[in-house]
Amino acid sequence: MSAQTLSPLASAGTTTSNEAADSFLGRWGALILLIGFLGIPLLALLVFSFATAWSGTVLPSGYTAEHWIGALTSSDVLSAVGRSLFLAVAVCLINWVLVIPAAYVSVVVEPRIRPWFQALSVVPFALPWIVIAAGMQLTVKEIAPGLFGTVGLLVLTLSAVTFPYLYWAVENSLITNNAKQLSEAARMSGASLPRTLLQVIVPAIRTGVMSGSLLTAASVFGEFPITMTLIGGGYETLPLWTLRMFSGRVPGAGAELAAVSFATFALLFAVSLLITRIDTTSKPADPVRPPARIS
Amino acid sequence: MGNVSLQHITKSYGTNVVLDDLSLEIGDGEFVSLLGPSGCGKTTLLRTIAGLQHFDAGRIEVDGVDVTDLPPQRRGIGMVFQQYSLFPNMTVRRNIAFPLQACGMKSEQISQRVDEMVELVGLTEHQHKRPKQLSGGQQQRVALARALAPHPRMLLLDEPLSALDAQVRNHLRDQIREIQRKVGITTIFVTHDQSEAFALSDRVVLMARGEILQAAAPSEIYARPKRIEAARFVGHRSEVDIEARNGRLRWGKVFDLPSTFADGTRVTCSFHGERVRVSPDPHSQPGWARATVIHRTYLGSVSQLRLRPLESDTEIVATVTGTAAELIHDDAQVALRVDEQDVNVYESGQLIAAGGSAR
Amino acid sequence: MNLERLGRTAPAIPLLVLGLVCLIFPLLVLLHISLQVRGGYGLDNFIDVFSSSVDRAALGNSLQFALWQAGLCVVLGTPIALALVRLKGRARSVVMSFINVASSFGGPGLAFAFMLLIGTTGVLTTIWSQLFGQADFPSLGSMIGLNVIMLYVHLPLYLMLSLPSYALLRNEWREAARMSGAGFWRFWRQVGIPTLAPFALGNGLQIFMWSMGAYAIPYVVTTSPASIDLISIEIGRDLESSVFGVERAATLAVILMLLAIAMMWIYRMLQRRGERIL
């Protein structure tokens, strides 16, 4: 690069940092395409849920709110939502009781145990959940056939596969909040272990617990393979209800399905926005941590 | 080669004026430091010259050519950042070769030039290592070599030493100056450290709140800072407000200057700590002022004394060398004097008289 | 001394037990069953699976599908992730929430939405046929159809995985490259891509693995004869009916398991590669 290359007319554009990537199309084009791809199916659901009939035409022939009313008052829907909620809450409770002490021990008390949990956390993350479901079904049928098809088994299995969400969140929170130093300070001040936990540690990791729990709940709420395999139609959660609506030939099922699906998305979206408000302490730069997934 | 002309550069973010109508001329081969506290605009100005920062109004000329609209890669400027300058996936050699490849040099020439640069910065044994394997100081030396490799017309350095340990910093600082002298390239150096700026530069550009307070040789800025805030930034100075009376500016027996002001004008008198003459034995200097030592801070080679003259409430700082200071303890009484040529007089923040003579 | 230590780790034991019982033990059982042959242990089940053309086809489909998904995500996701990294503030949280939810939206609802769009009587199908004549969009359960639908779930996942590593790209490198005379493409070719490659590949690998285990959506769309079979669905079918016996299900599951372990190992290697540089 010598002096001779300097020429006032040799540049492009009027701004000094004008490059392909900075131009409007470059910066926003990709995002617009993404939002479009993600948004259009949602739009289809929304429109269909308000349609009287829509088949083979560009727009529906008429609009009505009856599908929404029907969906929101249908006992099937409400029971399905109820069951999913129950599962989510039960799994969260079990995970709180099991994970929080375990994470505390891992970080503060006995770090040597940490690799065990790190290894365990990888299992639901690396393996397809249908494999875990298969294992569980075959195991239970061999060893304790009475347990197969029970809600208890489902709750236990779901707790096992979703524990990493809470574990990672709590572990992270314990580390960034200096739980070890906090514990030592509490103990030096004469507090017993239970008191330390309840009054010092748990308040400090509150946001971590919340965000981990929300991830867990969302995951359970939409879980399919394990529920299908271990219980199936006998305990119709929301995903199982959507399955029935999709494959069944019930008239109006499609529109109700569309309404419920759209509502679910909207609700999760609102909750997610809430999480980003609350959870300002968690590190976004954690490449190993997977997002909640259903399939 | 390497003349830079900044004309009326202005940049604001909303109501916040970051660069306020700045103009500056830099000559070929000059080493200029932009010195100032955080937020004064020195880095913004540097990045403006580099082409990495837009500005609202003004012009930049290099060797008489208007480069205002030229993108950074066409300006022929080498730049060293505070940290993370080096490409992590490349060895030292490849890092240095990068700009040479970008302008299409032949590979034998590139190799030769890289050899030269590696030797210039003294990293021959490390030339095949990756940045992660190098220390902070070594990384910055590679960054310097990379910046200089393509024979740029100008070298810009954005606080390159700030992220380094103190000892490494001084060593690298001297190396930078040595290399710059050898190569003879126009250099603009940004720092908040006054001693760094003074050690390296032909001229120091003192900045505050987006404007240039003073651009002059280090000795000039040290002896005669044009504005009171420049004075405060450079070295340990004491200030005392004096009212002109009977054509003189007098502070008890501490100092007595002729005054060019109307009687009754209030001015600020400023002088360096090391210019304060202190005698541990007040009786040996009957014509001098008497002061109480409020506190002595022992720093090894020098000591700083906080003194309060008996007839005043104002405290001043005197810097004395080790042996003399050892005799002086807290609460002691000393004799104190400042010669009139060591006092600068400021009115409304501007330097009016220095060393007993009007500006 | 040791007893005290054990006592202190006691609160962690229940979780450990849950993990061992519900996660590890069932996998061992699967392994055990898959190796069961008449008269003891053997690899007959695996041989049966690999010699059955139906099973080979399912495995092949799954691999092909997963490869497509991974490839599409890396190619499409990278420029989008780059654009996302620059986004700040409000816009960013909204887009991120949107992506987050989209990644967990993979159930019959989504399949239905795509049916509304590109099914035989779908909106886009109708528009297309009105503009260009008869439309023959691939069915939802075909390789192409499935790829399109699952991209809805996997692309957002890929983006969420990618963003932390893209944040590792320092602005200084970009600026240093510009000062050194390099433009957009040269920087990406020589610095950007080589630095990000291990992470992009690792994330692509994760998408590959998730695609191998895709269940809910294939479950509902691969019921028609025109659709492809996937190994994950085969496992589910075997568990529901008992036509083939549990050995086949277990064998297929173990094959997936081994694949997952291999992927995990490669992923770790890639991570370490990336960390060596950064």
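Labels for the chains are A, B and C, by order of writing; each one numbers its residues from 1.
Definition applied: a residue touches a chain if its C-beta (ideal position, glycine included) is under 8 Å from a C-beta of that chain, and two chains touch if they have at least 3 such contacts.
Every value quoted in this text rests on a predicted model; they were computed, and no experiment measured them.
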> B-C or A-C: which has the larger count of contacting C-beta pairs?
Replying inline: A-C
> Which chain's C-alpha centroid is most distant from that of chain C?
Replying inline: B
> How big is the gap, in whole Å, between where the Cα atoms of chain B centre and where those of chain C centre?
Replying inline: 56
> At what distance in angstrom does the C-alpha mean of chain C lie from that of chain A?
Replying inline: 15
> Among the residues of chain B, which are close enough to touch at least two other chains?
Replying inline: 51-52, 71-72, 74, 99, 102-103, 150
>> Give me the residue numbers in chain C that touch at least two other chains, ranges are fine.
In response: 178, 181, 183
> Which parts of chain A, given as residue numbers and ranges, touch two or more other chains?
Replying inline: 1, 17, 19
>> Quick check: in the complex, which residue numbers of chain A touch chain C?
In response: 1, 17, 19-21, 26-31, 33-35, 37-38, 40-42, 44-45, 48, 54-58, 97-99, 101-102, 104-106, 109-110, 113, 116-117, 120, 122-124, 126-139, 142, 156-157, 159-161, 163, 167, 218-219, 222, 224-225, 228-229, 232, 239, 242-243, 245-247, 254, 257-258, 260-261, 264-265, 268-269, 272-273, 276, 284-287, 290-295
> What residues on chain C touch chain A, complex-wise?
Replying inline: 5, 8-9, 11-12, 14-16, 18-19, 21-27, 29-30, 33, 79-80, 82-84, 86-87, 93-114, 116-117, 121, 123, 126-127, 130, 150-153, 155-157, 160-161, 163-165, 167-168, 178, 181, 183-184, 199, 202-203, 206, 209-210, 212-217, 219-220, 223, 232, 235-236, 239-240, 246, 249-250, 253, 256-257, 260-261, 263-264, 271
> For the complex, which residues does chain B have touching chain C?
Replying inline: 50-52, 71-74, 77-79, 81, 83-90, 98-99, 102-103, 130, 132, 143, 146-147, 150
>> Quick check: in the complex, which residue numbers of chain C touch chain B?
In response: 170, 172-173, 175-183, 186, 190-191, 194-195, 276-278
